[in-house]
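Per-chain residue numbering starts at 1, and chain names A, B, C and D are given in the order in which the chains are listed.
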Amino acid sequence: MSGIFGKLFAISTWGESHGKAIGAVVDGCPAGLRLSENDIQPFLDRRRPGQSTLTTQRKESDTVKILSGVFEGKTTGTPISLIVENTEYRSGDYEQIKDWYRPGHADEVYDSKYGFRDYRGGGRSSARETIARVAAGSIARKFLNEKCNTEFNAWVSYPTSENMQSAIETAREKGDSIGGIVSLQIKNPPKNLGEPVFDRTEALLAMAMMSIPAAKGFEIGEGFEAAKMFGSEHNKLGENHAGGTYGGITSGEDIFCRIAFKPTPSISQVQKAKNKNGEIGEISIKGRHDPCIGIRAVPVVEAAAALSFMDLILLK
Amino acid sequence: MSGIFGKLFAISTWGESHGKAIGAVVDGCPAGLRLSENDIQPFLDRRRPGQSTLTTQRKESDTVKILSGVFEGKTTGTPISLIVENTEYRSGDYEQIKDWYRPGHADEVYDSKYGFRDYRGGGRSSARETIARVAAGSIARKFLNEKCNTEFNAWVSYPTSENMQSAIETAREKGDSIGGIVSLQIKNPPKNLGEPVFDRTEALLAMAMMSIPAAKGFEIGEGFEAAKMFGSEHNKLGENHAGGTYGGITSGEDIFCRIAFKPTPSISQVQKAKNKNGEIGEISIKGRHDPCIGIRAVPVVEAAAALSFMDLILLK
Amino acid sequence: MSGIFGKLFAISTWGESHGKAIGAVVDGCPAGLRLSENDIQPFLDRRRPGQSTLTTQRKESDTVKILSGVFEGKTTGTPISLIVENTEYRSGDYEQIKDWYRPGHADEVYDSKYGFRDYRGGGRSSARETIARVAAGSIARKFLNEKCNTEFNAWVSYPTSENMQSAIETAREKGDSIGGIVSLQIKNPPKNLGEPVFDRTEALLAMAMMSIPAAKGFEIGEGFEAAKMFGSEHNKLGENHAGGTYGGITSGEDIFCRIAFKPTPSISQVQKAKNKNGEIGEISIKGRHDPCIGIRAVPVVEAAAALSFMDLILLK
Amino acid sequence: MSGIFGKLFAISTWGESHGKAIGAVVDGCPAGLRLSENDIQPFLDRRRPGQSTLTTQRKESDTVKILSGVFEGKTTGTPISLIVENTEYRSGDYEQIKDWYRPGHADEVYDSKYGFRDYRGGGRSSARETIARVAAGSIARKFLNEKCNTEFNAWVSYPTSENMQSAIETAREKGDSIGGIVSLQIKNPPKNLGEPVFDRTEALLAMAMMSIPAAKGFEIGEGFEAAKMFGSEHNKLGENHAGGTYGGITSGEDIFCRIAFKPTPSISQVQKAKNKNGEIGEISIKGRHDPCIGIRAVPVVEAAAALSFMDLILLK
């Protein structure tokens, strides 16, 4: 089971939802980047649960420490080891559902594939694993911002922001959850990134996005709308319908993507579930869960995009 | 510029649209698979242009030869070298537009990135490069079909088939083109493929699909529709809203994906274009082009999915 | 600068000689292996300095902690994060030589390549980095021992053991150092490992060995002696002159290798050195250094071989 | 079974000793290198058999063709496909030994590993496979020579040249073979190649050399002699005992290596052999074989070193 992402800027992530800590080794970061924990912590804070009534009430400080790779305030080019301790893990919450596969979760396939199941919140399948991407991604973002003036901005675009709060609250009241769409703008991307055949910018971005837990769709530029357009419309100079890449290569225009997330599978509403013997029963998932994954996915989307870009820029 | 796709089942593709030949080396194919040119040719024939009035009129026989890796009718586990000669390349068609960057094409970014431009039909950026994927993918399909009974079926689902013919003909008459959506069903996928963090089934599929020329979107299961659903709906046992994967791992249920393609950028209608000096002019692209990429993308989508699955199954 | 070794069983190592800690993330370890710190610590203890008068007097406890990847006493298939804190780092020892490139060390090339120099003991170039390989390698050794009954045994074979102690003591008295040869026997290797063209067993072993600090030569079977033999001698059935591999593939016979190490470059004897301006001066390197690298390289050689074998066995 | 070597400059090799052709796809060659078949053919001619009484009498023209990646006389950055047809393959020669495993060859392990045996000269295990490395390596050599003025010069250093001819002739008369040592000098290597931990210059060179058929040992600089030296000797400024690398990084000084080759395993002298049932019999291997592999290995060593250097320079 691999936790490695990237080739030249490779992150090796580790840690279970209910283990001692979570972390990442960032391999291939160029030397000379000014870096401290203060450059990483704000991104973890944005991702952190328990900040508003719209997200899960699990409280973790998620404090990052840098263990290597920085000397006299600057990266040295050597691997940067990042660690975040898990301070609050109430395994007890999961005891009651350890005999049932949670619907919409990886519990059943995980058990089938690996022959065991870490019933404490999904182990590596937990969204808590995204801490590693956000922490490592914040280094990528700093590098790209300082060297190329590139920015990664994401936001929840569905449900529409005006009624998002009420939609989420309604779902929460019913013990239910809703899906969401995250839009991503990459401002001032370096031009000439990506290659014309396999390592296309959009292919690497798609892979990064579709490896975020609960992601079900990815589109760039006009995306699925492009299917309904005429060539004469889509081609128009200066209108950037392609979303910033041609034949896999960045033009330097801003890049626009959208990522679809399914509704959080953990809901407290009573629902049908299977167990190891294939029997059907009913369960209600307690614990502290986000009614809308999309909200907390925002910094993860930004981080994943930045990580993709590091390989694109180093392979250039 | 890399033409390599895959890790354990790796294809190394080569050849330009207007060069001598196009081919692929298939590295990592297991020994013992019965294989001859007859197993590959039908897939190339499906992809081949000039077969109906709906596709480009360029006529190529696209005949494949196996140069290595097969002994006494079976694969030996050694690299399989496949070659398809280019028999009809009228470079003359491109002379008139060699000073202009074709809008919607990679011409401009390619020139910017590599410092030169193979004006003869896009070089490696040409859709003709997909011959290599279809040929290599047909070996993957045969292996997966024989060992796992897995099938890859794709079709154009937009524009809707009833009026597809007329829509395409209208576009062609106007010297224009239209986009399309290709749906893919993977029947009887092996279960337990994919990993929970980065090498998720949907991430590898997305990367494969988004590296097909003109692809602008990918979704699996309910895809973008999932964003509008409630957890209680999406989770329902037996309804396969996820599209066959949970937490990146295949459940053995059929997999459903959709891929959006933009309209063919090559149109004969007069359109504005830029040249190397940034001047704007008007061009009309002659030559033989598909009014709807989606149609000929069908076997490419199937092949690309099968190639992804080989790595998933060998990494299992 | 990459600290990653391996493809399917990949270790991502991190940490500087004089930083807070040193560690490795072990990615790809199969699930179900019984594992605790007690399985790793003895190998670190063998590698640890300060144990006899023959090795450096730097005293570190080198205590390993497992932070992830083990649940209820067994590996889960998820990444295993290992950490060893640095408890004793006297940076002061290095202050006096920070203006001179130590002869035989990487100081000068490192400065030239990276544009800076971690003068505190070489940073990542320090032999202290081998802690990560020994710790990660001990997991590989346990797996290979339990599944395949394979053992990795190395020893210093030059200088000859009878006079090794006196040779080393003489060198130390003169403030000098000596080289050494480490012999490695791999008992009961699985058969059929390795591939006939590039990923040959001996090629992967050679790469692993030649990436150990101070290694200058590698041979397998008769090695350099084979150059003087006749085919009729070397071929003889049952005599294993090849050292356990044919055409890159293991036969199941024991594997024999030898690795040459140069003398420790850090010596207290006065020697000529260069500085950044190319001036020649004289320096004496204080600090606590091994008079013979070979001795402490023994567990590193064993670990590196075991790491290579994990990829060979997982790629099989 | 992988035929791929390298990461950024990756060659994908294919073809069996007795198949239709042998070739390589060179992926990642920078654009703008002037290249034609004339730049490659002389290296194949040097490797080609049948040129003197000291090498095998098999006669092949080994004529290379470039099928892609070159436009108007220059590389375009796209994959370069190279092909060499096999014109003379007398399978008949092997019929008589198809029931016996040739001693010292990979026949037995190959059969055990892959479950079949290409008795026609070893299939991919044949030294004929090195054509692909020599052809691809010649492109690497041209690039390195033009951009960095780097040269790769190898020669047989054992048996000593004065009596080499008579030693080889004696061996041939007795139907026997002898081993050899190939020395390699890399003149004017770029400085700052290689990395301090795993991707050391000497580790990548060792892997490349130990993947040449029949290689049994590798050393750099003083190599095994370094084990007998004192630090005060080995360190001496300006004497380059290290052989051009420190801590894995090139200093810009010339690099010196030596590679040991075992005697050709194919000998016509009667020798004991095993068959599939484990029975011992006697065989005499007819056919056309080199009495000393070392001689024809010379251009292979040079090519393999150049291929390693391409990755080192592109990863820099």
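Of note:
Keep in mind that, in the parts below, a contact is a pair of C-beta atoms (placed from the backbone, for glycine too) under 8 Å apart; a residue touches a chain by one contact, two chains touch by 3 or more.
Given the structure is predicted, the values throughout are model-derived calculations rather than measurements.
In summary, the chains found to touch both subunit A and subunit D are B, C.
Think of it this way: of B-D, A-B or A-C, only one pair shares over half of the C-D contact pairs by residue number, and it is A-B.
Chain centres computed from CA atoms place A at the largest separation from subunit D. Mean C-alpha positions place subunit A and subunit B at a centre distance of 27 Å.
Annotation: 37 Å between the Cα-based centres of subunit A and subunit C. Once the centre of each chain is set as its mean CA position, subunit B and subunit C turn out to be 46 Å apart. Multi-chain contact residues of subunit B, defined as those touching 2 or more other chains: 1-4, 13, 123-124. Here subunit D touches subunit C in the complex through residues 1-5, 13, 103-106, 108-110, 112-113, 122-125, 129, 158-159, 171, 174, 176-181, 191-192, 195-200, 202-211, 213, 215-237, 241-243, 245-251, 258, 260-267, 269, 271-274, 280, 294, going by the rule given at the top.
For subunit C in complex with subunit A, the touching residues are 1-4, 10, 12-16, 19-23, 25, 27-28, 31-32, 67-69, 71, 76-81, 83, 114-116, 118, 123-124.
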